[in-house]
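There's a structure below that I have some questions on.
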Amino acid sequence: MITSHMYKMAFLSEGIALNANPGQFVHIKVPGDNSLLLRRPISIYDVHPQTGMVEIVYQVVGKGTRILSGMNAGQVIDVLGPLGKGFTISREIKSAFVVGGGCGIAPLKLLMRRLKEMGVVVTALLGFRSREAVYGLEEFEMLSDRVLVTTDDGSLGRKGLVTQVLEEELQQLLPDIMFACGPTPMLKVVQRLAKEYSVPCQMSLEERMGCGIGGCLVCSCAVRTPDGGFEYKRVCKDGPVFWSQEVMLDEATIGC
Amino acid sequence: MITSHMYKMAFLSEGIALNANPGQFVHIKVPGDNSLLLRRPISIYDVHPQTGMVEIVYQVVGKGTRILSGMNAGQVIDVLGPLGKGFTISREIKSAFVVGGGCGIAPLKLLMRRLKEMGVVVTALLGFRSREAVYGLEEFEMLSDRVLVTTDDGSLGRKGLVTQVLEEELQQLLPDIMFACGPTPMLKVVQRLAKEYSVPCQMSLEERMGCGIGGCLVCSCAVRTPDGGFEYKRVCKDGPVFWSQEVMLDEATIGC
Amino acid sequence: MKPRLDVEICGVSFKNPVIAASGTFGFGREYAEYVDLNMLGGIAVKGLTLLPKKGNPPPRIAETPSGILNSVGLQNPGIDYFIEHELPELLKYDTRIIVNINGNTIDEYCRMAEKLRDVPVHFLELNISCPNVKQGGVAFGTHPDVVYDITRSVKAHAKQPVLVKLTPNVTDIKEIAIAVEKAGGDGISLINTVLGMAIDAKKRRPVLANIVGGLSGPAIKPIALRMVWEVAQVVSIPIIGIGGITTGEDVVEFLLAGATAVGVGTANLISPTACIDIVNQLEEYMVQNGIGDVNELIGGLRV
Amino acid sequence: MKPRLDVEICGVSFKNPVIAASGTFGFGREYAEYVDLNMLGGIAVKGLTLLPKKGNPPPRIAETPSGILNSVGLQNPGIDYFIEHELPELLKYDTRIIVNINGNTIDEYCRMAEKLRDVPVHFLELNISCPNVKQGGVAFGTHPDVVYDITRSVKAHAKQPVLVKLTPNVTDIKEIAIAVEKAGGDGISLINTVLGMAIDAKKRRPVLANIVGGLSGPAIKPIALRMVWEVAQVVSIPIIGIGGITTGEDVVEFLLAGATAVGVGTANLISPTACIDIVNQLEEYMVQNGIGDVNELIGGLRV
């Protein structure tokens, strides 16, 4: 337990630790209760390739995450991964804004680590409900050049929404790229700002999943097609990371 | 684990420890796996009223008993009981045969204890598959005047069926009453012998159960009616112990 | 403030919308040891027939994933015995009594309704899932015309309001429900069990002596919710939603879908206190979600 | 000795009786990363339509007790795209290919059957659970006469043997199955999903954007087993049993009930290796129970 609602879990999987890209996720079978059939998709928070250790950070929202949070050290867990298409980081990038809200912050840690390794100047804009919901701040500070925190109630950092601070920052300086993950309302504003300020932006989406590997077509999100219409893409396989100009967030109905 | 297939479990329940009669059972909710809805009926093996400790002994046959066998000390378990009508022991009884086969032996320990307390001369006839399946023998020896063991393969005691030894004993000496519990084929022979030798006999039956408290009528066994027909009685409430002359074992299809 | 839990069906008020479903609560007596029956919205008694009925041979129950199958076969002591020996016991409690009746013919249903005319029970519930002997064993409840006939006939004999309990084993539950309403039925209980089967792979035999049985429990909740929702769109008489309810949130789901009250069946087999636990959880949900009156939930699904 | 697992359907031999069910295994490609597709008895591809189809808005999946609901809405790239781009990939594997086709009209089914005449697939599978546009949206599969017509019409156009996949949402599955056999259908797949619904009590909304969806997974196994058993009593064409299979013992149960092969659906969503795990478990069961040939199990229920 790292905040009153968030839990961190670490498990050993060499395959995942070695191969994970930022923005990818693991698909976890909830142990014990056979009435819960579906795996739970959880972003990869961090990996330690030397030890094979994989870390995830999750919020307890329902039955599955509640059972996960009650697991003990030493128990075996059935995990598929790394899955999905993570963030794409091209060599040309010099500066990036990394925008996260709530538990949408989870996939951003590994992203910051990779950006730092590539020498990108990173500004992290992180929004939390309140001081109690904040986690990982020290590490984020180590992995980025600047961290701007907002809380809804002002109990830490700026009071307000992370997107307000984002807009102010964009008025100061345009990064080469933005990366965003968080609840749909936040993503919608980020999407609008990316367009207004013409900054390329990748965002990680969430949708209810079945297989997690692209076979069942249940995890769809609407993506614009060249003809002005749209088609449904698979969040699990074609995503979870999409370019902000292609996704239609009105069609996505689930937030984190 | 007390044999390769049998497990013993002890739990604290003052209500059960104080009120249990021999032949009664507890109805146990399988913890963790919500896909398994039904409780599992297990006989009360022994009780310790001073400490509130209740003991059960069970065989792992399916999903429910497998999960029970994996429980750890300190876990909480949801148990209803004591349930059912146990063995009836009248004050007039001076001598008794107690006949048990396989895991049907479980309810007989508490019975022997009570019989001993009442000064009844008890001969226990216990049948097992083989030496490896034997459990509790020392205690049974303490709680009865004579213990006759049979095993199917002769690896301990007499080789053969417990009912063969029972017939030989009945030829020697007729007890005031017999008590039996075990697989249906065994009970059928005991039923026939009780009739042939005119010894009153109580036997404990098994049937698949729902509520365990008499409300759903799924745990039926056929019981003769005075008009020569039969009616279905509830194993959970009217039993599990019945008089041997009233039960129709051809209608009962489940053995232990 | 304590939220209001009472609902009204055909002018009869229920303390709360939770009714013990027929066949899973005996005649209440066995459960009185575990719960205060006065705290229940209502009790639907074990299905009754005109004459006593032995029921099916055992095994009568099988466990399936998140469900159970039963084939009790309507074992019961007959309606006369019920009125004389069981009902007086039940009448000691302040709860609504629903008498579940089952016939081989329409005439049998009518005769039972007659017998109940001057008996102080609150509702009749026609279980029309049983095989119709006259029509070659096809369940009454699968043909809208037959459902119409039976409802209309019983209404002509009954004094109490008549609920018709529908079988889910039909192509179109809506047309059946409409037939009930057209015939003057006062309410609809749904669903009864779904026909199913379990096989023991090791013994290579059916688990139930009767081969097939009725599936109930959480496994069928999605089917029940869908049917309640479908029926609520096409009739205006009250619906008692039944099928897989084990928690207070389940009750909320059925009310949102359009039920006025709910029946709790299989959950009683898992825990004798299930109905009361569910009432308490419902109240808790209402407090947490700021709902002052349970009637606000009825039909309140946002689509 | 290794037990024999091969079965035959309409003269086509399958390595083993386990087929990946339509819609849960994509076009095989996604699963090839996890399992050797050569080890499957067969693959029923994602349901195809004449023209590409967008499918329903999300969310398209809900979890229910021991089951799931889906409302994919037949999203697919159309039959032409399949033949041109997906099939060649699939043909690299040595397994049986079953093409699941879906039409709005009988004519659409027939045109798809025509398109597949000279294409090297082994079976057509008519999914007749989809709403029949011509008949006001009622599923084709709910009326024996319509089932007869569609089967007969497609048979006239098809080169490959035709399996008809039945919806369980009917009053009497037997009369539907009999209609398939009378019309010359070569086999029956059953069951498709059971219509259901899930509600989010906190949001007071349906979980699925489509409100209702198809229930699948272990929850429906008892319903599927019952239907396979019922149908096996009245037809002599082979049956592919589908519904809630997740283990080798489940397969045994369906074979005992009368299926010649089985389809595994939801289990593929839980584990990508499900089909192969199930084949291995089936083999293990046979070894443990001294069964040398899987065909001994078919219809072998002791009643």
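When the chains are written out, they are named A, B, C and D in that same order, and each has its own residue count from 1.
In this text, a contact is a pair of C-beta atoms (placed from the backbone, for glycine too) under 8 Å apart; a residue touches a chain by one contact, two chains touch by 3 or more.
If you're wondering where the values come from, they're calculated on a predicted model, not measured in any experiment.
A.B. asks: Touching both subunit A and subunit D, which chains are there?
C.D. replies: Touches both subunit A and subunit D: B, C.
A.B. asks: Let me spell it out: compute each chain's centre from its C-alpha atoms, then which one is farthest from subunit B's centre?
C.D. replies: Following the centroid criterion, the farthest chain would be A.
A.B. asks: Could you let me know which interface, B-C or A-C, is made of more C-beta pairs in contact?
C.D. replies: It is B-C, judged by the count of C-beta pairs in contact.
A.B. asks: Can you compute the centre-to-centre distance for subunit A and subunit C, using the mean CA position of each chain? Integer Å is fine.
C.D. replies: The answer is 47 Å.
A.B. asks: Quick one: subunit A and subunit B, Cα centre-to-centre, how many Å?
C.D. replies: 58
A.B. asks: Can you compute the centre-to-centre distance for subunit C and subunit D, using the mean CA position of each chain? Integer Å is fine.
C.D. replies: 34
A.B. asks: At what distance in angstrom does the C-alpha mean of subunit C lie from that of subunit B?
C.D. replies: Centre-to-centre distance between subunit B and subunit C: 36 Å.
A.B. asks: Name the residues of subunit B that each touch 2 or more other chains.
C.D. replies: Touching at least two other chains: 34-36.
A.B. asks: Would you mind listing the residues of subunit C that make contact with two or more other chains?
C.D. replies: 62, 65-67, 217-218
A.B. asks: Based on which chains are in contact, what kind of graph results: line, ring, star, complete or other?
C.D. replies: If you draw each chain as a dot and join those that touch, every dot ends up joined to every other.
A.B. asks: Under the definition above, what is the set of subunit B residues touching subunit C in their complex?
C.D. replies: Subunit B reaches subunit C through residues 29, 34-39, 78, 80, 207-211, 213-222, 231-232, 237, 251-254.
A.B. asks: Show me the residue ranges of subunit C that touch subunit A in the complex, using the header's touch definition.
C.D. replies: 65-66, 218
A.B. asks: Under the definition above, what is the set of subunit D residues touching subunit A in their complex?
C.D. replies: 23-26, 30-31, 33-34, 46, 54-55, 57-63, 65-68, 70, 72, 75, 209, 217-218, 266, 268-272
A.B. asks: Which stretch or stretches of subunit A touch subunit C in the complex?
C.D. replies: Counting only subunit A, the residues touching subunit C are 34-35.
A.B. asks: Touching residues of subunit B toward subunit A in the complex: what are they?
C.D. replies: Answer in residue numbers: 32-36.
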